[in-house]
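Two complexes, one shared chain (chain A), two partners (chain B, chain C).
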Partner chain A sequence: MSKQPVAVVGVGQTRHVAARQDVSIAGLVREAAVRALEDAELGWSDIDAVVIGKAPDFFEGVMMPELYLAEALGAVGKPMLRVHTAGSVGGSTALVASNLVAAGVHGTVLTVAFEKQSESNAMWGLSLPIPFQQPLTAGAGGFFAPHVRAYMRRTGAPDTVGSLVAFKDRRNALKNPYAHLHEHDLTLEKVQSSPMLWDPIRYSETCPSSDGACALVLTGERGAARAPRPPAWVHGGAMRSEPTIFAGKDYVSPQAGRDCAADVYRQAGVTDPRGQIDAVEMYVPFSWYEPMWLENLGFADEGEGWKLVEAGVTEMDGDLPVNPSGGVLSSNPIGASGMIRFAEAALQVRGLAGEHQIHGARRALGHAYGGGAQFFSMWLVGSERPDH
Partner chain B sequence: MSGTDHLDAPTGLRDVAVVAFAQSSHTRRTDQLSEVELLMPVLHDVLKQTGLTANRIGFTCSGSSDYLAGRAFSFTMALDGVGAWPPISESHVEMDGAWALYEAWVKLQTGEADTALVYSYGKSSPGSVRDVLTRQLDPYTLAPLWPDSVALAALQARALIDAGHTDERRLAETAVRSRRAATANPHAQLRGSADVEELLRQPYEVEPLRRHDCPPISDGAAAVILAAGDSARALHVNPAWIRGIDHRIEAHQPGVRDLTESPSTRLAATAAGAFDAPFDAAELHAPFTAQEIVLRRALDLGDGVPVNPSGGPLAANPVMAAGLIRIGEAAALIHRGEARRVLAHATSGPCLQQNLVAVLEGAAGTEGGAR
Partner chain C sequence: MTTAAELLAGIPELAGVEPVTRVTIPARLEYTYSPGSAQTRFLTALPDKRLLAERCPRCTRVYVPPRGACPTCGIAATEQLELPHTGTVTTFCIVNIAAKGLDVEVPYCYAYVLLDGANVGLHARIGDTPYADVRIGQRVEAVWNEQRLGPSLASISHFRPTGEPDADPESYRRWM
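On to the complex of A and B.
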């Protein structure tokens, strides 16, 4: 059984902000969807199915909101699927949509992911109440801080590495008109002296809470041939999950992340990720996750990730640019954050990333993770049609 | 990664079958069980039927709702129960398990996996499910009015009666038939029924619906194993082949829909090839008696086709699992040799807003046959 090639021919996103009080939830998702259709120069009638994803329904207080969004997304009379795989959901949603095309079930699919976090308080939404969890952690930062500390202890990385990542991503975001945070006056010193939230994670090393949506139009070979702008071809995509808590779990470098990357590289024929991949859009909600994922994804040897950060390798002009868009540290509508990574990777290989374009990017990795560092979704996109 | 099964020339789709089905004994409340504890025996059952273990399954997909669970990311607890170690290829839909099965079917179609585990579960007992389901509605114009699921179903029943498509007696007959059929189903919650005259003497719940027209409130779980081609033949002597599967959604606002019709069911059934040949039976996800009438009309199912021999959702309605159970019950009829071609249907949303149709077929030379 051979899969059909899948191409990204439309990308759309909203300008991510703290609160979009001017639009309803339907207005928000439709804005991203319309931009993706415009990019592809397609209309609603060209879409065969809609796949939508978001993180927990409690964030907006709407149960299964896809039911109410059917009309806004032009899905009436069509198949509509709703994916929820925690923080990785934006990536997973794109992969479910991609599989519909790869399997030959549909010709052209619209996929959308969103979060309108201003409808609630995401930090407390992420802090599970008794009886589900003891009240030991406040928000995702409280959960992940000990794992960052474990990484620092394991590798001997200096305390400043996290601030370098945060400063880089926030500077990159200045080149991305869709990014939520545009901190023109930020300095490295300001990052390093910002309040400590969850030791060792400081305020400026933490993702914001955003309202935003992202949409992609995926199609096959014929659709790609008709597309007005260069497509991004899907060279590989995979999801992996592991349990939240178990004896022997490596929170610093989860096996599911390693396995997921290995599967994607195998599909894409990548044997040397550092050498063969030109740009990475990595899910880094807390700055220290950049060096951690560099190791988990095979871009650096174990214990060496922080050295790439220190050496400037992941800067916009480094030889492995990570998060040229500014990443999750600069925009975080949680349910959409994974799809934004996938979309930004596609924009890079299409040569359409604007001011944050990495010159000559031919292969880019989009990465997302969620839950207790247990759900992973990734895709590798390229400017050339895959030859297998 | 692909198996040795043949490619089906006209459509390019692989032959995929249901090879195992398990469900809980659905009950009104399971205060002593978490969702995971409710699910675990069902997972063990379905895996044991095939001799597979979680890490030998190619793809896993589940369906559940955080709003029923009362906490965010509730599905992660279930995944811990599955035992996703070493890490597995896995996904989750915030939908009835029938749509998780659809996602798994698509995954098998890509050739990236040959087997899939699908499960779903829901506990309606911890809260008031009638109130909880109002949170599904348009948050700006409908949800603030808190119209509950029974009230919306009553609007649909009223429209159907006013259009002359049914009457209260026929609705009561549907309830009696379903719950008496359930006496043969050890997993059903309501088994047996008083006669029609007795039911029609009862007061209205929400006019024109009486208590018997409404589904029971249920806690329950279900699981299915899918397999492609030769893998399916190796796992079951009589696989229930999915000859077609499709799902469609309608507009959300009940006011812009004709509630006596189900065009999304009709579209899905057409795409799934439901009208190509007659059915021996149908399992319809119609939680309210009047909705069975709507679906029978959309699916051209005459009185000659047995509907819901399991008792259907009127006998047990674990929200998020009841649709997957329809597919499982349809497959079980084929597994047991009691039917050769069965239609399975699942629904989601108020007044049958979203519908899925699957056509399942058994042995007797049907492989590569009608589709």
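On to the complex of A and C.
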């Protein structure tokens, strides 16, 4: 199998906010796309295909929004493809686009993901009554809270760990002009005394509802050579799935997540993730998922993830910074959130992350998950072109 | 960011017109669900306060509610069995915010209850006990909703502690 190397040459985001009342969904996605094209110094005519993703149509109630977004994304006369894997969709959308370039199907691909939560009701969309289960799950937080408790029980993690992650991510967000939450007055004490929503998850340990979009321009070697700014090279990318419910499912550390990470590391030649990866953009919609994913992704041994958090390893100045952008905890346009992780990882290795740049980052991981912790998508990007 | 009003102001014919920024169009969805034979057996046994399950012939794992097939082996589950009304809390959370459309008063305790003999947890509410006392490993039993017995899991009102000693963690560790 001879794959073409894939480079990220354009990254665009909107400033994520609670409600973008000045634009429609079409205006929102176009804004991100235009910024990605500007970053790459390319025009619409340079794009060969468009790959778009978002979370369930049920959220905004617009069925198949790609139908009416084709013209806003310059897809007229070009192939357009929609991807859907729940919350991980931003990541898998970028991977589908990347694979089109790697396979030599298209030269340069624009990929976009979005969510306009102000026009949506995600909590309702995720809490459908069905006859075989008592309708008790109050949105995503209600679904994930029992698994957080299971993690705490399994590892004996002190119950302050979640607040440390939340405080760190919100502090990091202050350095990211695109982040939704800029809580200048937040203190650790305020996080720890915020209302308990789904015990053990507190209000300040949950992600916000955001309107936002993210776009990437992906291209091959020739495109990368013409790019005005340093590209990020895709060193590995993978997706894995498993059922939402099955006997023996490990909700705390799903097998699909472990397998997905192992595949990405194998492709990228990574044998010591903690030592070889310089920055991680991890999908953490509830703060406790940081220590959980640290274990699932092989950065910590089982039961040890919370110790890295407590020791400050995942802080901006730690040896494994996690979510320097502020992460999903600071901006959550659901369908875009996975692509934002991938985009932020790319910005780190391009040296273009601005105030939240991790100095000298050469390899960064972008990670997303979705559904009942059943869909996983990840990529590892580097500042150097991968060798074959 | 340009506001909608600023955009309209740039068009002479529309100067002074109040911009329309949002139109709410209510939508409704109704489902007609075909449960299939396995779930039909499960649902029709509920009014008789019976909990029917299925065992996979290959991996021997027991599913409740039954699905007719094993999701990991991908083969038909042929053996039916009936489970007792008792089980163990494998994990839980206390929900303090109400979700639209959920007919449950907050706060409530939402738990995974592993029925004795089952290998997957049932989503259930824990009641008749202070929430501070609910714990992983706690033994519980079903409280049936005598007024609303029917082909739905609403036939079970909630689970309540039995007062037995907590279950051995090894008995439920793999079946959260």
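Observations, loosely collected:
Going forward, the second predicted complex is superposed on the first by the 384 of 388 C-alpha atoms of A that agree within 3 Å, B and C clash if a C-alpha of one lies under 4 Å from a C-alpha of the other, contacts with A are read in each partner's own complex, and residues count from 1 in each chain.
Keep this in mind: a contact is a pair of C-beta atoms (placed from the backbone, for glycine too) under 8 Å apart; a residue touches a chain by one contact, two chains touch by 3 or more.
In this text, all values refer to a predicted model and were calculated from it rather than measured experimentally.
Once the two complexes are overlaid on the shared chain, A:149 sits against chain C while remaining clear of chain B. Shared-chain residue A:99: touches chain B; no touch with chain C.
When the two structures are aligned on the shared chain, A:70 is found in touch with chain B, with no touch to chain C. Contacts of A:317 after superposition: neither chain B nor chain C is touched.
After overlaying the two complexes on the shared chain, residue contacts for A:25 are found with chain B alone; chain C is out of touch. In the superposed pair of complexes, A:61 makes contact with chain B and with chain C alike.
Counted by residues of chain A touched, the larger count belongs to B, out of chain B and chain C.
Applying the stated contact rule after C-alpha superposition, one finds that A:243 touches each of chain B and chain C. For the contact definition in use here, the residues of chain A common to its chain B contact set and its chain C contact set are 61, 129, 132, 243, 245-246.
Chain B meets chain A in the complex at residues 2-3, 7, 11-14, 60, 65-67, 71-73, 75-77, 79-80, 83-95, 99, 102-103, 106-107, 109-112, 132-133, 135-140, 143, 246-253, 263-264, 267, 348-350, 353-354.
The touching residues of chain C, counted against chain A in their complex, run 1-4, 21-22, 25, 27, 33, 35, 39, 42-43, 59, 61-63, 65, 71-72, 90-104, 108, 110-112, 119-120, 122-125, 131, 136, 151-154, 156, 174-176. Those residues of chain A whose C-beta lies close enough to touch chain B in the complex are 1-3, 24-25, 55-58, 60-65, 67-71, 75-86, 92, 96, 99-100, 102-105, 125-126, 128-129, 132, 238-246, 254-256, 259-260, 371-372, 374-375. Put simply, chain A touches chain C in their complex at residues 21-22, 61, 119, 121, 123-124, 127, 129-139, 142, 145-150, 153, 195-201, 243, 245-252.
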